[in-house]
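All chains are identified by letter, namely A, B and C, in their written order; residue positions are counted from 1 within each chain.
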Amino acid sequence: MDYIITVAVFTAITTLGVLGTFVLTGLTGLFSLGQAAFMGLGSYIAALAVVKYDVPFPLAVAMAVVISVAVAYVIGYTTLKIRQDFFALVTFGFGEALRSIMDESVKYTGGAMGFSGVPQLTTPWLAFGSLAAAVWLVRNVRKSKFGRDCLAIRTDELAAQVIGIDAFSHKLKVFLLGAGLSSFAGALMAFFTTYVEPGMFGWIQSAIWIIMVFFGGRDSLTGTIFGAATLSALPEILRFASQWRVLIYCVIILLIINFRPAGLFGRWELSLENLGLKHRRVGPGIPEGKIHG
Amino acid sequence: MKKLSLLVAMVIIALLAVFGAGGAAAAEEILVGNIQDLSGPNKAFGLATFNGAQMYFDKINAAGGVNGMKLKIISYDTKSEVNEAISAYRRLCDLDKVSIVIGPPIANMGIALAPIAEGKKIPIIGLYMDERATTKPDGKPWTYMFLAQNSSGAQARTIALYAVKDLKLKKYALLYNQQNAYSVSLVEPFVAYVTENGGTIVAKETFMTADKDYRAQLTKIKQANPEAIYMPNYPQEIPLTLQQSFDLGIKATILGNNSYIPFALASNTDPKASEGVYFPYGIDPSDPKLKEFSAQYEKKFGYPAITQAFSGWDLGGAIVEAYQRALTASKKPSGDGLAAELAKTRDFPGFQGAFTISPKTHRPLGLTMYILQVKGGKPVTLIKLIPPEEK
Amino acid sequence: MEASQFLSVAMQQIVNGISLGAVYALIAVGFAMVFNVLKFSNFSHGGVLGTGAYLGYLAALYLKLPLIPVLLIGMLMGGLVAVGVEFVAFRSIRKKRGQLVYFFVTSVTMLMLLEQILVIFFGASFFTYPTMIRTTSFSLGGINFTVLYLVMMAVSLLAFGTLAWALKYTKLGIAIRAASNDLTTTNLMGVNVDFIVMATFFVSGMLGGLSGVLLGMTYTLYPQIGQLVVKGFIACVLGGLGSVTGAAWGALALAVVEVSLIAIMGAGLSPAVIFAIMVAFLLVRPQGFAGVSFQEKA
């Protein structure tokens, strides 16, 4: 039982981290190869605060998020004006830069040997509760005017700007939100696995998160959660087939992109209406139908 | 609706898979866990450790087992990732319910597992040389962690002793992977010994795991004109550091670590680049007393035995003896009981010498080491040494 | 340290940097070719690189072929694999006019897929190429030259020269350049775009396979060797997306900067410094060295 709970909590925290990528890529169409680095940043700050400076756990987590968001602000402010491909490159560079700083600061953080002996303070309740809260937050952001404006930016930035949406400020806010979510997940993760090392937060990890979002469907919050949960729990469950597992996983992604590019869930969301348990209110609103992009 | 039932079905299948995978031991079995790199660039050492222990268990099982119980190993591949090691350990403890675990020869993993073992209380005995895997910062041992070969400090001090006293070298340079606990744990004691005994470090260069090109660092080292360069690195880095050093025309004496067999030898490295390299090793490969085991090993596995295989045998022996002693106190020994018995391992007649574990550090006491040199792509044993004590 | 000693060390580091630059340039140019025509960052180029490297290794080890045939086999295999990748992964997205991000996700997936296939067939450990060059290094005027790096530089120059010539003077080359400019119009002009794309991938794959074999020989052969494609990506961006020569210069610059940073401050913090340089560079000159500035339309 203990082991299964461990897998479940690990999956929940990873999903929370992936939500950071979801808001960034799903809402604004940006993709960041450094999202996992924010998780790393959150982990390290929280772990250092508690272990070296005896800061109480909740305060440490808060510090981790605040500092990460501040860093994201600096990065975002300077780089969001650059075009998309470059943004991916810059976030990649950021991830690697962060990793090298972690590696170098051996005296404080144990460097590449990692930081162990972090007390296990993340309870399953905390993990699942946080995930639930984050999902609620993201859902509301998406439904708000802010969220819809972001979607407009994603679909056609030039047009959105023409009707008066400030693309830069929206993108920056989303970037901050994403960083906040991922760093929070990172803080939880550190106090769960009790071990943090720089290698856990590289660009491949960020790329995998993007893939998870696309697997579930970047227009579907439910889809992303499903995608993240499945793809992070799968390695444990398919332990015996480990070599083939990665192969299967890649093939699945290829199939999805080719045959169902909107992701497994498309735009379907888990809601009472969609489950047929509540009557859909007919009235003014965005008409259902296929929208490109 | 269809999607939902598909989802539910997948979840059920997943749960079945997870539940189905664990299992209780058959009544006459002792379950021993094994966490190793069975694939990846460092698999040579993981396999050697595992094979050595397995051969010892086979010998005991053939003679009837431990009090009639057969030893069975449950293995997980860590794929060079620390999180896999942690995950595997948890799985071994919770699902497979092993009594004891054979640990990896990877320092990063050993260090990470130590605090977790405190919580799970299932002892791990492995070849992680870094002292931090067996003792805490305050010097007290981690209750459930044990080492079955000479520690990093012992090995580094051995080669340092040889360099200072026998080769009479004074100016040293260093080239190592700063991201690797193993390399770092070898460099620090080496530097300490050398500087305490009249040597100086004229250059210290590092690289990162992803780097494959060290010529910028080597050029700086060459400029500092050292008499020797200490390069205690991992398998994949060894041929590269040696080749690039040679190509840059560096003439200094090269000192290595116990991974130099087989990675500094012919077929892995250009013999011109490795000619004359010195390194410490846990056993003497030319010792006739080891020949029988080596032949059996090579016949069974298809590749030669390296020092970790011999240490693995000793490790297996320590496990069996500890279990036997623990059985006198209780029919189903607990993790605590086994840990206590492991700490009392005394004079087990192993390949590395009389294998005794110090209860103060959970590391072996007084194991000898050999200095070998590479000549013509092959290792030649030069001398036997006792590693200098920790200060 | 005297001036002459400093000079010789500096010269050696410059030689180190330039030879590393040749390595990166080969990767960058292959990468740039696909970018020019299809406008996305093709990370699967790394997978092509790795596959070429392993197949070349097999040729060297089992067929006991000398250097040049091994290089040619690597090139051929690389080309074929790249065409295969285009067909399996990118063709349907292109036909459906999918968004750029789908290309990106697919290319990263293909990189991982190819890497995993190599792991399954060859194991996750590493191999050392058999020695194919007798003298590995020599010294000239106090500076050491590694023969393998000189070979790489020579091969790179030869490859660029041929590529540049072909792009300018052959019919296919002109068609590729037209496609880089505007795929749709080229199609409208009656050119078979599918064939052009396939040819582009083949050439890109040849360069990839070639770099793979050379990298495998220099740095040992391991399944993750394809991840070096990231250097090509950085070089392309620095050199200006949209320019093959720019990519080559970008690669050279990247290598020299890396070597200099290591020489000055050690390997530890160089990614952080490179990152800072990159950001500054992109803010000041987003079109890179040689690229063209244009507004991205969604």
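What we mean here is this: a residue touches a chain if its C-beta (ideal position, glycine included) is under 8 Å from a C-beta of that chain, and two chains touch if they have at least 3 such contacts.
Quantities reported herein were computed from a predicted structural model and do not represent experimental measurements.
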item: Third chains touching both subunit B and subunit A; value: C
item: Maximum centroid distance from subunit A, chain identifier (CA atoms); value: B
item: Distance between the centres, which are taken as Cα means, of subunit C and subunit B, whole angstrom; value: 37
item: Rounded Å distance, subunit A centre to subunit C centre (Cα mean); value: 30
item: Residues within subunit A bordering two or more other chains; value: 100, 103-104, 243
item: Sequence positions of subunit C contacting 2 or more other chains; value: 119, 227, 268
item: Shared interface positions of subunit B, touching two or more other chains; value: 39, 79, 178, 208
item: Sites on subunit A touched by subunit C in the complex; value: 25, 29, 31, 78-79, 81-86, 88-90, 92-94, 96-101, 103-104, 155-159, 203-204, 207, 210-211, 214, 243-244, 246-247, 250-251, 253-254, 257-258, 261, 293
item: Partner subunit A, residues of subunit C touching it in the complex; value: 41, 88-89, 92-93, 96, 98-102, 104-106, 108-110, 112-113, 116-117, 119-120, 227, 230, 233-234, 237, 241, 268-272, 274-276, 278-279, 282-283, 286, 295-298
item: Touching residues on subunit B, where the partner in the complex is subunit A; value: 1, 3-4, 7, 10, 14, 17-18, 21-22, 39, 76-77, 79, 81-83, 86-87, 90-91, 94-95, 107-108, 111-112, 114-116, 119, 130, 132, 178-181, 184, 208-209
item: For the subunit A and subunit B complex, residues of the former touching the latter; value: 1-4, 6-7, 100, 103-104, 106, 111-114, 116-117, 120, 193-195, 197-200, 226, 230, 233, 236-240, 242-243, 265, 268, 275-276
item: Contacting residues of subunit C [partner subunit B, same complex]; value: 1, 5, 9, 12-13, 16-17, 20, 119, 123-126, 128, 131, 136-137, 139, 144, 146, 218-220, 222, 227, 258-259, 262-263, 266-268
